[in-house]
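Take a look at the following structure, please.
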Amino acid sequence: MPEMKGFMPPRSPEGRASIVPPPPWHYSGDVLTIEYRTDPARVAALLPAPLEPADDDPGAVAVVFADWQSCSDTFEELLDPVRAQYREAFVVVRCAFRGELYSRCVYIWVDKDFALARGWHQGYPKKLGSIWMTHPVTVGKAGPRLEPGGRFGATLSAGDRRLIEARFTITGPSDSNGFVNALPMLHSRYFPSIESGAAPSMDELVTMKSYDWEASPAWKGTAELVLHDSPTEELTAIAPLELIGAYYRSVAASWREGTMLRSNRGDRGDGT
Amino acid sequence: MPEMKGFMPPRSPEGRASIVPPPPWHYSGDVLTIEYRTDPARVAALLPAPLEPADDDPGAVAVVFADWQSCSDTFEELLDPVRAQYREAFVVVRCAFRGELYSRCVYIWVDKDFALARGWHQGYPKKLGSIWMTHPVTVGKAGPRLEPGGRFGATLSAGDRRLIEARFTITGPSDSNGFVNALPMLHSRYFPSIESGAAPSMDELVTMKSYDWEASPAWKGTAELVLHDSPTEELTAIAPLELIGAYYRSVAASWREGTMLRSNRGDRGDGT
Amino acid sequence: MPEMKGFMPPRSPEGRASIVPPPPWHYSGDVLTIEYRTDPARVAALLPAPLEPADDDPGAVAVVFADWQSCSDTFEELLDPVRAQYREAFVVVRCAFRGELYSRCVYIWVDKDFALARGWHQGYPKKLGSIWMTHPVTVGKAGPRLEPGGRFGATLSAGDRRLIEARFTITGPSDSNGFVNALPMLHSRYFPSIESGAAPSMDELVTMKSYDWEASPAWKGTAELVLHDSPTEELTAIAPLELIGAYYRSVAASWREGTMLRSNRGDRGDGT
Amino acid sequence: MPEMKGFMPPRSPEGRASIVPPPPWHYSGDVLTIEYRTDPARVAALLPAPLEPADDDPGAVAVVFADWQSCSDTFEELLDPVRAQYREAFVVVRCAFRGELYSRCVYIWVDKDFALARGWHQGYPKKLGSIWMTHPVTVGKAGPRLEPGGRFGATLSAGDRRLIEARFTITGPSDSNGFVNALPMLHSRYFPSIESGAAPSMDELVTMKSYDWEASPAWKGTAELVLHDSPTEELTAIAPLELIGAYYRSVAASWREGTMLRSNRGDRGDGT
């Protein structure tokens, strides 16, 4: 009797039709991170029980723009780049769970379906958006150089509405790339039941690490950040009160799997 | 302690950010259905155990193109139509489970993220694609009239490759709209574990019915259908050997929930 | 020696590569028109000399949303609808020239290249945008019926910014479809010289009429209209002060050619 | 009396609405060039009289993919990158005119309207397409390094059909970047009359040079190139018979204006 193949739906006889090829997945890209403080109560309101706010700087938020190339372990997507390239914008906060501090992505938009599905697997709550981010250049005038004074813009829109506008100007090299998105991720994987009122079909807390991590030297700078309203977003609830820092660098990593910390169908490990 | 709201991720304090609003969902659209026979072994190869092929006409396949408007129970999406309109193309076969005959969608593409996520909830294995379908017109020459001789084209592409090309010419009114996509749906809801080698986090068989179903009179006609190859599709494995019929009509329905028939975490009901 | 064929560039040996096939062009579509008054000085500021404002109601403006299907005289685009369907949003004012009153499109956005090029040929100053417009339905709840109480939304965005938001509610049948976009068009066809400071390579005033015009009965209604700002638009300069009327109907026409009234290379006809 | 401002339509009171800001325009980007030989008669068929084929290697063709950032002299587009970034794919041949040898772009696709209009100004016969091109990376595995063995893919599609597929593998540094696209451009600027049967409103031969030209060191390599058929293209008429060479580098230039060599309204300069 047939066994369907494929990492995610659609599962098929050969497994080629899956919305995303199986892990490991390899990523290389350029990343702009802007960290700011909002009202800590607004961050706390984004953390489902039993997650708790970070004790230190509980209103810290990172908005990240990234321009990625990614591929499976066959590397074949790199030669058909419509299947490899995507851009994303996302919002990260920190939280505590069982005494450990984590990073947590609360909102995220990408521009390809394979990236959306891959994110859902990892607990990134992805939706589609249109993301633009200035490229640094090495020749000519139509772009910033990776050096002090280099200026970048980045925008997100979704549903034909502009949601985030960011600007970044390099002031110098940086030892840090920020602290909000620097911890292991703590994500929810949630899927409602097909039956009204029933418990979710999937309701997990997971954590994950990437491997073969590599990064270019980082740049820091000044930034401006504006979050706009939309009937289908709650971004303005976490509007910036104060900027913390802004960073730019190239990053690469591979990802194979995460760890399930807790499931609504029975905990694993040290209990809660 | 905060409870996150929202039907699907991203879950948020107010629940507005969810990729799709909660059901019920209401649909109105135009639907072109082309039914054909392929090698029955190719249909059987698309049915995971314990599903079995239909005894009667086991190689029957339906390719369906649809141009939808949909909304939640607030109806507000209808006034911001970027959130209401989408197009889709999908492939349906029939299968037997526990002695009942079902329709089953094996491949499907849509052009909006809310439709993709809604499909995943319903077990439709949606990916993104670009779908085009001739509109009938009531004035002028730039389109077919809904009458004998009216000619329609429909195409699907994904990953910048054309995957399906269909043509349809109305020959007359029809009592039927076909039989392949006419049964209750039997879908798999499948989500892999975040941990390599672990059992899936969700692996369910579900069935569902819509309600408040309404349809215009149907038209039947002649059709041509070509399926193209792609490194990320297996469509040509179910290439048409013989056309059965082709139909066009407007359809509406509402959908609230389905029924879980079986889960990998323990069966429900009459066992298997 | 080879003669290049093709109505517009790229011109090629067979003429198939042209961005748009040769006229006549046939159109069928649905059209939402919202008429309002703005400061008459702002309309006058949009009229290049020697055009003059209309004497009567000189601040009248029409914003029009349209969902079109169009084709060449081969009609083959209708069977490959990615080449036939497009949506547009445009702004029309009235003007006087040589004692005649005309309609004049001052801003317009479409979502396909063939429509953009065709517009440039006709003097419509087209740019690309994303246009959405509620469809009426005949079955179900996911859309308005063409009857009193039917509610429609329409939006334009470009450059990932929302530019126009409109709403329309049918109040009853209408004898009129408005007056601002009801006259022969008076358009400029303008193309700068490749040489800085030289006279334009094309600078014409043209007028045009379509033929085989057909329309459904019209509906009138109430409307809301908001114009948003953008660094690359001047829409808010003509913000509505007072709504005049709003109309919806299906329209069809064919178009073959226009008439050149005046060229910067020497006038034709009765002089200026 | 009002004077309309703006480099191209739509011309407006402030000049901000023009589809493209005025020159000079600055460009920085990555360029993949693949040169091959086709049947020289097929190249000759693409050259309108009085252009003549190159004496030497008359069947040489270059297919070029480019990923650009561009801006006006205000540089403001670089901070709103949806207005600065675009990709293009184009086909170049050589031709002789009045005893001089030129490069000539015969087909070209871009993915933004400002790039399309700017191309029309320069005589590039631009249409819209979807262009993808592998990025080189400096960290990680998800992309080629700019070094021998680095592999790139590039694709063009338009009208939801894939038109060009290219692959490139770096073999080493290169002194050359090819010869087909290395000469001053000789372009036609052509716009039909609004009146059937009348002489074109614009029919010019122009040439142009950029300035402040800068380039990175170039890489050469091996390549594969496939051109696909479409009802609206004539690419397969110039299918490759033999590859000549393939090159990759970063390029920058500024462009202000060109020179009109000949107009259908009367020649300028040294006659023909």
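Chains here go by letter, A, B, C and D, matching the order in which they are written, and residues are numbered from 1 within each.
Following the convention adopted for this analysis, a residue touches a chain if its C-beta (ideal position, glycine included) is under 8 Å from a C-beta of that chain, and two chains touch if they have at least 3 such contacts.
Predicted, not measured: the structure shown is a model, and the values here were computed from it.
J.: How many hops, at fewest, get you from chain A to chain D via touching chains?
T.: So the least number of steps between the two chains is 1.
J.: If you average the CA coordinates per chain, which chain's centre is most distant from that of chain A?
T.: Taking each chain's C-alpha mean as its centre, the farthest from chain A is C.
J.: Give the chain pair, either B-D or B-C, that is connected by more C-beta contacts.
T.: Result: the pair with more contacts is B-C.
J.: Quick check: superposing chain A onto chain B on C-alpha atoms, how many degrees is the rotation, to the nearest 5?
T.: Resulting rotation angle: about 180 degrees.
J.: Return the distance between the CA-based centres of chain A and chain B, expressed in whole Å.
T.: About 30 Å, centre to centre.
J.: Averaged over CA atoms, how far is the centre of chain B from the centre of chain D? Could you give it in whole Å?
T.: Taking the mean C-alpha position of each chain, the two centres sit 41 Å apart.
J.: Rounded to a whole Å, what is the gap between the Cα centroids of chain B and chain C?
T.: 36
J.: Would you mind listing the residues of chain B that make contact with two or more other chains?
T.: In chain B, residues 80, 82, 130, 132, 155, 160 touch at least two other chains, as defined above.
J.: Note which residues of chain A are touching chain B in the complex, please.
T.: 1-4, 7-14, 16-17, 19, 23, 44-50, 76, 80, 82-83, 106-108, 112-113, 116, 120-123, 125-128, 159-160, 188-196, 198, 201-202, 204, 206, 208, 231-234, 237, 256-260, 263, 265
J.: Okay, in this complex, where on chain A does chain C touch?
T.: On the chain A side, the touching residues are 130, 132, 155, 157, 160-162.
J.: Which residues, counting only chain D, touch chain A once they are in their complex?
T.: Result: residues 26-29, 68-71, 75, 78-82, 84-85, 130, 132-135, 137-144, 151-155, 167, 212, 214-216, 250-254 of chain D touch chain A.
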